[in-house]
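Here come two complexes built around chain A, the first alongside chain B, the second alongside chain C.
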Partner chain A sequence: MKEMFIGIDVGSVSTNLALLDLEGQVVQTVYLRTGGRPISTVQLGLKRLRETMGSSSLPKASATPLQSEDDRGQTTESLEEQKTTEGYGFSRSSEEIRIAGVATTGSARRLIGLMVGADLVKNEITTHAVAALHYQPDAQTIIEIGGQDSKLIIVRDGIVVDFAMNTVCAAGTGSFLDQQAARLGMEIEEFGNLALTAKNPVTIAGRCAVFAESDMIHKQQMGHPLSDIAAGLCEALVRNFLSNVGKGKEIKPTVVFQGGVAANPGIKRAFEKVLGYSLVTPEYFGVMGAVGAALLARNQYLTTKKSSNFRGWQLCTEDITTVGQTCDGCSNHCELVVLKRGGQVLAYLDDRCGKWSDLVTETAGEAI
Partner chain B sequence: MVIGIPRSLFYYYFFPFWSGVFQALGLTYLVSPETTKGIMENGATLTADEICLPVKLHFGHAHYLADKVDLIFSPGFGRWGRRSHFCPKLISLPDLTRLQFQGTLEFHHELDEANSIVEEYWLAPLRQLAPGVKKKTLLYALKEGENKQAAFVALCRQGYLLPQAFKELDVRLASGEDPARMFKAGSQQEKGPRILVLGHPYMVYDNLAGQGLLQTLTKAGARVFTKEMVPAAEEDKLWPTQEKRVFWTLGQQMLSAAYYYVSRRQIDGVIFHSACLCGPDALIGELLEKYLGKVEDAPPLLKLTVDEHTGDAGLQTRVEAFLDLLEWRKQYAAV
Partner chain C sequence: MPRYKVTIARMGTSNIFLRSFLEELGFEPLLPPPITQETLSLGSRYTPEFACLPLKVNLGNYLQTLETQDPDLIFMAGGIGPCRFGLYGEVQKEILRSLGYDLPFIVIEPPKKHFTEVIQNFTRFLGGKFWRNLPRAIRICWCKAKVTDVLDKMTLSLAPHLSVEWRKELWRKRDEFLIAIDQTGKTGRLKAILAEAEEVFASFPQEPRADVFRVMVVGEIYTVLEPAVNFQVERRLSLMGIEVTRTIYISEWIWQQIILNFLRIDWQKSLREEAKPYLSRFIGGHGLETVAYTVRAARRHYDGVVQLAPLGCMPEVAAMSIIGQVSKERQIPVLSLLMDEHTAEAGALTRIEAFVDLIQNRKARTSSGLGSRARS
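Right after this comes the complex of A and B.
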């Protein structure tokens, strides 16, 4: 029997899963777009993980019967696909694999934690730091730029001593780059390489996404080549990151650069130009949150030897939905989220006073 | 006649005094409820864009009271003690409120150089509330209020967080205990990281503006310390290398609290909780960082800024990560 650990990072833009073995080696990673549907995306992600594992750890006794076709409610990508691949790996087992720990992270960590029966629900700052330090123990600075947020984590002697996250402004994150690449009519993948070819990067106001955009348009109309504009934007985003998130924090090498934007060579070079040394981009830079979560699940398992709360692979095919509900208990009118499996309520989330969320947490596992 | 007290600004500190005075004079008052989304939104629409969140909340609470009471209690805050001031928004608060609402009870809640209530500011508004009452009776009522306030302050210094101190004060007074007597220490958890939360009481303790910071911390097993717990002799003290006193009352109190706890090594982490668009806070945050930067092995600092648009999720993530950081640090120190 092989013990493995799953880390699930459900961010606003992407959902990443990582499967680690007992030694902490990454066995498999999955990268998906969240597309505003965290639950079905995680179901799809788990299914992908399982496909590649090609073995089963379906608990025989506790397997929940599948819902009938009619009861499934929303049709989602995962459920559609499910029909064709149902039952794929159940007998293909070459080596028995047991999921010994699951951890969730990212902005939907609580919701997904309750859904999968996570053993650990951890904030994304910690998981990113854990993963970065696992691969680069001498790191002193971690820069993580994702779809909607960016983080700067300061490490000294192998421990986190300070961190910062961007506040309300999304300028300088992946979404903005995506948007600008689209406006210039190119793939985001091309954008970074184009920036590398720049001869004379133009200056673009990076303080605010709106100003940056109008500045870019102005520069285009003035006749500057696209490559210079692309490079200028990369430099503007880096400046914005360093002044907005960095705010005078001392950035020392070794600097680990991770998150989806680390795939962009233009941004990486702009950072290197300002800092004066090269950045380290780890192999799994795009899924570090998930890797960190899985590493933490592994650590917890190694220290406590507690068996996992993981609800099992059948949850990929279960009819799990959320329903919005407004509480009229007081004038706060909390917008509750009700997590349901079939007709059964698994959990309530997002109430201020806790009168709903306390109702069912005991049945939904010990994740929170 | 009913006086409406907005649950905003220095309700979160001077309510025992105010209520004590009104009770002694047999006046009826109504306190607006805990901040709700509705109150916050109303406050934001009633005020100019660039006003800070606490003042917006004050207007929201005043609006809630406007059609329920005869007079809206509308204090202004100018200076407390020596060379210590509030920002122009708090100084001009009675005027700002008068422009928006009818029937406001205006006065200035000032403290003299010895940090006691300036009675002369109170006599005029009290005469308006209780016409025909002798000055002696009014002064007696003020004394009653001051006694209640003193008992509350003593509770805070015993380690009670402000809402608990309010509650405890009521319990003690109802049971007929002498409020001026010293109480036993508040019950806080023994283990867990010790966190100094620096912020304006009307932000930290507000239902919405505080964004559950204190609840998140206590739920996670942390012990919370605030500037209200600092002993009287220390609450205004400059750190040895501080070049000069900070102009702002609460700002200096926050810095003094940091100095008090940090120099005694009584805390593991500092959280600076500030209001977006608060001018003084922008300076205090910098000074705090500067001070901690000079302390050897200083506790880590987390700066949180909130406004009416901030969601709770960002704060939760940062606070959780900060607690992880402290735990990490502790383990490292133990090795």
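Right after this comes the complex of A and C.
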């Protein structure tokens, strides 16, 4: 029996899953767009994990995670046949695999934690730090830029001593870069490479996403080449990051650069230009939150040996929905979220006093 | 004389003793509904964008009261000195007037400077019964303030020694006792409530804990005391099993600001001395206290400090960069949370959780001898 661990990172823009073995090696990763539907995206992601596990030899994960944005909505097909074996067994696998731990992270960590029966629900700052330090034990600084969040984590002697997140502006995060690439009519991958070819990057006001955009338009109308504008934007966003998120923090090498934006060579080079040394981008840079969560689930399993709360693969096909509900119990008028499977209530979320969320404590407990 | 209807703004548990105080004096107190997102959006709609959060919430409170009830006047605590709050009594009056509510304000300002003015304000509405009722009003007000604070201190110190489930029960009971304190009009009954709380809390099964993580909460008074704007940071930390030491209690604040200041007793001396290597003067609001308490937390080997402040609060912003230095030099983790009407709860919670991980991992590492740095 092989024991494996699942980490699920449900962020604002992407949903990532990572499957790790007992040694902490990454076996498989899945990268999906959340698209505002965290539940069905996680169902799809789990289904993909399960599919790859089902094949007789487990493929070594590639640096480019599985991309799939086009086939959302068909989560229910083809899984039926695989359900022939009950529980966690695999019909086509030569070795039986048991999920020994599941952890969730990201902004939907609580909801998804309740949905899948997570053994651990962790904030994304901790999971990113755990993953970065796993691959780069001598890291002193971790820069993580995702869809809408950017984080700076300061590490000394292998422990997190300080951190910061963007508070006022999302300029420099993935969503903004996506938008700008789209406006210029190019793929985001092209955008980063284009920046590398710049001869003379222009100065762009990067304090605010909206003003950066108008400044970019202005520079275009002035006739600056696209490559200089792309590079200028990368530099502006890096300046913005360092002066807002990095304000007052001591950035020391080794610097690990991760998150979706780490794929952008333009941004990476702009950081290196300012800092004066090169950044390390780990192999699984895009799914580090999920990897960190899975590593934490593994650690917990190794110390406690407790069996997992994981609700099983059948949850990929279950009818799981959320319903909004306003509580009239007091003048707070909390907007509750009710997590349902079929007609049955799995959990209540988002009440201030806890009288609803305490009702269903089946999978909750210390982890949540 | 008619019985004037008076309304107040909310701040933590202060509505409990303020209501009794006003009632005993001879007013009819009208309380605003608890602070919700609606209060905040209503307040921010009519205030300047860069005014700080307490002004916005206070105004939201008044407007919500005015929507459904008809107070004759508004009672608020003001301030003097470099903090903008000293101006807010006037600003609120002007904003309300521009919205068509022309109400008189009684602003209680530190009696060091404006004692006779405050008295005149009261006698204007209450006449002779002000002096007659004052002793009783002060007595119940003071007792209620004291009892609510003692209850909170008991709750915060007990929580880390309980299991997760019992911690929740503890806070539920605390809320129940608060309601009991609010509802009684008798000073004598307060003692009984406190005794009952002690008894109930003592009956909770305690778990022996090898190490308890201790966090000091410092910062600006309103954001420290009002859970509706600070994302219940105190309760959340407490439910996670952290021992929270709050540095501002309203009863202590009243004692210092009204009694000690009136008697010209320098209660700030020890704080000033503690802050001295980093800050040598009063900078308005609770800026000096924030620095002093951070130094104290480091000296007393706390595991971390959480600073709470409204976005753009000048004293706290000044203090923030200073305590960054304290944090570096004295090896104490500090989390600064700045709040305004746009602050997202999810982001704040992520930070709070990550901070708890940080202090826990740090201690585990230090105590196992793996870390090279020792805490001084």
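Convention: the second predicted complex is superposed on the first by the 325 of 368 C-alpha atoms of A that agree within 3 Å, B and C clash if a C-alpha of one lies under 4 Å from a C-alpha of the other, contacts with A are read in each partner's own complex, and residues count from 1 in each chain.
Here, contacts are C-beta pairs under 8 Å (C-beta built on N, C-alpha and C of every residue); 3 or more make two chains touch, one makes a residue touch a chain.
Nothing here was measured: the structure is a model prediction, and the numbers come from that model.
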Simultaneous placement of chain C and chain B on chain A, clash or fit | clash
Between chain B and chain C, more extensive residue contact with chain A = C
Look at A:Asp358 in the shared chain and tell me whether it touches chain B only, chain C only, both, or neither; answer first, second, both or neither.
-> second
Just chain B (first), just chain C (second), both, or neither: which does A:His134 touch?
-> neither
Which of the two partners, first being chain B and second being chain C, lies in contact with A:Lys340: first, second, both, or neither?
-> neither
Now for A:Met165: first (chain B), second (chain C), both, or neither, which partner does it touch?
-> both
Residue overlap on chain A between the chain B interface and the chain C interface 107, 122-126, 157-163, 165, 167, 330-333, 352
Interfacial residue positions of chain A with respect to chain C in the complex | 107, 122-126, 149, 156-163, 165, 167, 248, 330-333, 352-354, 358, 365-366
Give every residue of chain B touching chain A within the complex, in rising order.
-> 33, 36-39, 212, 300-301, 305, 309-310, 313-314, 316-318, 320-322, 324-325, 328-329, 332
Residues of chain A touching chain B in the complex | 107, 122-126, 157-163, 165, 167-168, 330-333, 352
Complex contact set, residues of chain C against chain A = 33-34, 36, 164, 168, 172, 175, 232, 321, 324, 327, 333, 338, 343, 346-347, 349-351, 353-354, 357-358, 361-362, 365, 370-373
